[in-house]
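Report on one structure; see the data block that follows.
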Amino acid sequence: MTEPRELQALLEEWEPVIGLEVHVQLATKSKIFSPSAIEFGASPNSLTDPLVMGMPGTLPVFNQAVLALALKLGVATSSQIRARSRFARKHYFYPDLPKGYQISQFDEPLCENGHLDVITRTGLKRVKLQRIHLEEDAGKTTHVGAASHVDLNRAGVPLVEVVTAPELGSAEEAGEFMRSLHRLVRWLDISEADMDKGQLRCDANVSVRLRGEDRLGVRTELKNINSFRFVEHAIESEIVRQIRIIEGGGRITRETRLWDADRGQSQPMRSKEEANDYRYFPDPDLPPLVVDGPIMGQILRSLSELPSARFERYQRVHGVSLDDARTLVSERALADFFDAAVAAHPSERGGRMIANWILTELLGALHATATSVARSPMLPTTLAALVVLVENGTISGKIGKDVFEESYRTGEAPAAIVERRGLQQLSDPAALWDIINRIVGANPKQAEAFTVGGKDGLFGFFVGQVMKETQGRANPVITSDLLHKRLGR
Amino acid sequence: MPALTRNEVEEIALLARLQVEPDELDRMQHELGAILEYFAALAAVDTEGIPAMTHAVPMDLRLRPDVAEPSLPADLALSGVPRRDGELIVVPSSIAPPGRAGTGQKP
Amino acid sequence: MTTQFWSVADTARRIAAGEISATQIVETMLARIAAIDGELGAYLAVDGIGARAAAAEIDRQRAVNAILGPLAGVPIALKDVLVTRGLATTAASKILQGWIPPYDAHVVDRLRSAGAIILGKVNCDEFAMGSSTENSAYQPTRNPWDPTRVPGGSSGGSSAAVAAGLCAASLGTDTGGSIRQPAAFCGVVGLKPTYGRVSRWGVVAFASSLDQVGPLTRSVADAALVLQTIAGFDPRDSTSLDTPVPRFTDALTGEVRGLRIGIPQEYFEAMDDEIRAGLTRTVDALVERGATTVDLSLPHTKHALPAYYLVAPAEASSNLARFDGVRYGQRVEAADLLEMYARTRGAGFGPEVKRRIMLGTYALRSGYYDAYYKKAQQVRTLIKRDFDRAFQFCDVILTPTTPTPAFRFGAKTNPVDMYLADVFTLSCNLAGLPGISVPCGLTSEGLPIGAQLLGRPLDEAVLLRAGGVIEAAVGLGERRPAGIGGIA
């Protein structure tokens, strides 16, 4: 593993150029061209039918939900949607490819020239997408000694393939892209995108060139990256490998390499044939796929505001910090909660405080009870009401936390809790002065030690006593003010 | 369009996963070459701006509702499999597939 | 007339009327098959058990006066590229030897629902690739009119079985003429519907954009009946047309007055003299009955053969990629996967199939795709446009079905020569049009001659109408082949 400092030094001279091909499994009930069900972890070869088995005479029939989900992604990435796109056959022989060809799309894909706004640590970065197209998944082959075992349950599962332009400039950016895409497809409810289940898979095309150089270097294709962690690690490792070769006077071979997570390195894939001709041609069993106005209208109506748009709005309009905004858009239910709370708040600028309460108190409580945001027992309107009580001084922030806990647990309205338990903040200066007088009078030694003796820490003692006397309701700011007056400094 | 070279015939046989004996290869090279020569005439046809034929009666792709139907019981689906291990299909060990998305397999 | 040569219509009528039982029909057929098919070679598999059970069921229903389907008790043979549940389906190839499918083709579903009885699977060229049935990996089929000659192909088992009275009708498939040409060679009616008219679900695919299932029968009326049963929308086939199916039986009006018959010059240049004579008689007969002829040109006809022999093998090479010994069919084991594939497919496919796979693979290679497959697909459009233009001036087009009558076994040694046998039938598939071959006489050697009619898309009715008139005027009447199992 390369030391970060060493990598940094290399990257001053060398520019990585990275493009990603990401396969996303779409969350439909049945497969893309056959009505067999989809289920992770089912017993082998139990989710097949004659079509999935590639039996002669079988024919594909296209699942309309696949189109709807793919179009959502196309629209969300501002892609050009093709009014008539075609399926193409991509030929190669492999035991888990039952027909000897994969039904995919070639020169007439569904979506082209979109972009994904990646939410990074420093803001939004726009990554161009060359295309998004539809295809079917293959089954699974596992190697057992001198043989291979094939399970076709996954064959025919619908995928979209998202291909970026080769413009990611670092392994970190690639990682951020994957996270943003992961978030987006979950946001749109088009995929569970669990990398452990193989529902999100990533291949990376990596090359390097000297900074300032226009020409692209020879690229390699990196496969078998099946977790987020590996994305950055594998790509970084490949960048370093390539730089070392070139610096050593060698040349990069255009090849496909498999990432081996256990060894922390990649190996070239051996292939007996050099000729890798997929012999694409339009699938004669499937007429052109037409997308018309009404379909598009339906899709547009079904989309809510996207993560990147909300990320911007939260900062610009509601004054939320970049980091907080990033967290809020990590999950649509959380962003929706925030929006609903803000809507219930009298001012737009309440967003900052609401964000704070959501990210600390609410998420804390949800986590402690292993509850998802979508199932939060506290409603956004309730949280907003609580925030208003703190903002307008009815209760102190500290008391607010207490009220939050009770309201979350019992569902009782914050205002009712405050009323019932008499938790209103005591802000009347006259009343506070009385109390302060009494307390200072009752503690002459400490008063003197503070005022004359310079023992600053004793201020906290007096604040504490006031709070105890008032069951925590004393307005801390006014209390502090008056105490300073009474104690003389 | 030139006649086929012996090399090309071998390449095509490999692409098509067809074992062709050397004498068969010779014959095939000859036959295919003759057939391809015959087709050279097509090159002369003016097809500028002519769309590829799709269907005699033009049609769009029909969409099916997303409803899962019962699958074939594994035993029936696998009843013709020449070599099995329980519910898994068994084949001789493979060389890694050409240009396919990562499937979590060890190389 | 004897039972074996009853028409579909007659058989169904007599069973419905209780004049004869389905069981008797089946027993008669099974006996005749046992008697003469050893020599004829039409059947690859006879399903005695299934046929008898189906017949018994029909008879049971008849006994309780249940409503019978339109083809109840009619014995049918299926070309072995039609998938049948529980009944071996080989496509006449070794690579599928022993495969018992777990499902039925759509057309088989339709036949069963109509009460038809499946007698068994009949022979064909391997994967429907050929024009003589000589490419079957299992056995040759002989022409019942002359056993030294081929029955045509690829549906040669179908045409022979129908001609020899070994079934009432057969379903074949037609990709470049494979129903019509064998029908012509065997003196029976063969109809290829409009592409999309009949579902391809369960039809072992040869060339997906060209294949269609159709009937081979002893009369035009029977063809209408069978077509009625199998035609119509099937949601399992994305190329299936969702258009209404007319009552084809209504088409046989016997009327051709005012019918404009197109005579394309390109189809009347090179052919056998006796074929030409047969066609002339046919035209005269139609004109006598009030039809008119229109001379036309289909200028792209000469490109049909090369276009077909690029498109069909390309699609075939793709469709046959699934035969790899992994999930069904025969496998030749080997130490590594690539060898297993190569040996399995090398041993399992016959030479013509291999030739076409090689050709098709070549045509689809990147770098060659534009010049070959794509070009051929564009030429198809030009061929279709020729027909569209022609149909502005005529209602139906008449041509010979084949340039020669049935040839002898082993006559076509050069593959290109074999391909030329299809020259009159190919364009119809390329353009997706419906076509029919109707017998219009015998040569001096007693070999059948076929007249072909081509219609507009979805106009099978005009083919049946004009075909019916040709049959009545110049057809074979009651003449039967005497070559094998001669029966009056």
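By letter and in written order, the chains are A, B and C; residue numbering begins at 1 in each of them.
Just so it is clear, a residue touches a chain if its C-beta (ideal position, glycine included) is under 8 Å from a C-beta of that chain, and two chains touch if they have at least 3 such contacts.
Keep in mind the model is a prediction, meaning the values are calculated, not measured.
K.L.:
Is the C-beta contact count larger for A-B or for A-C?
P.N.:
Pair with the higher count of C-beta contacts: A-B.
K.L.:
Can you figure out the chain closest to the middle, judged by Cα centres?
P.N.:
Of all chains shown, the one whose C-alpha centre lies nearest the global C-alpha mean is B.
K.L.:
Among the chains here, which has the CA centroid at the largest distance from subunit B's centroid?
P.N.:
The most remote chain is A.
K.L.:
So, what's the distance in Å between the C-alpha centres of subunit C and subunit B?
P.N.:
About 25 Å separates the centre of subunit B from that of subunit C.
K.L.:
Based only on mean CA positions, could you tell me how far subunit A sits from subunit B in angstrom?
P.N.:
Between these chains, centre-to-centre, one finds 40 Å.
K.L.:
As a quick test, compute the distance in whole Å between the mean CA positions of subunit A and subunit C.
P.N.:
58
K.L.:
Considering subunit B alone, which of its residues make contact with at least two other chains?
P.N.:
14-15, 17, 52, 55, 59, 61-62, 64, 72, 77-78, 89, 91-95
K.L.:
Quick check: what residues of subunit C touch more than one other chain, meaning two or more?
P.N.:
Those would be 102, 209, 235, 238-239, 321, 324, 326-328, 335, 337-338, 341, 361, 365.
K.L.:
Mind pulling the residue numbers of subunit A that touch at least two other chains?
P.N.:
Only 50, 53, 61-62, 93, 95, 146, 148, 150, 152, 272, 277-279, 286-287 qualify.
K.L.:
For subunit C, which residues count as touching subunit A in their complex?
P.N.:
Residues 82-83, 89, 91, 96, 101-103, 105, 200-205, 207-209, 235-239, 314-315, 318, 320-324, 326-328, 335, 337-338, 341, 361, 364-366, 369, 373 of subunit C touch subunit A in their complex.
K.L.:
For the complex, give me every residue of subunit A touching subunit B.
P.N.:
21, 23, 28-30, 35-38, 43-50, 52-53, 61-67, 92-95, 97, 138, 140-143, 145-152, 161, 198, 201-203, 221, 223-226, 256, 258-260, 267, 269-273, 275-279, 282, 286-290
K.L.:
Okay, in this complex, where on subunit B does subunit A touch?
P.N.:
Its residues touching subunit A are 11, 14-15, 17, 52, 54-55, 59-69, 71-74, 77-78, 85-107.
K.L.:
In the complex formed with subunit B, which residues of subunit C make contact?
P.N.:
Its residues touching subunit B are 98-100, 102, 194-196, 209, 235, 238-239, 241-243, 300, 302-303, 306-307, 309-310, 317, 321, 324-331, 333-343, 345-347, 349, 351, 354-355, 357-359, 361-362, 365, 371-372, 374-382, 384, 415-416, 430-433, 457-458.
K.L.:
In the complex of these two chains, what residues of subunit A are touching subunit C?
P.N.:
50, 53-62, 89, 91, 93, 95, 98-101, 146, 148, 150, 152, 272, 277-281, 284-287
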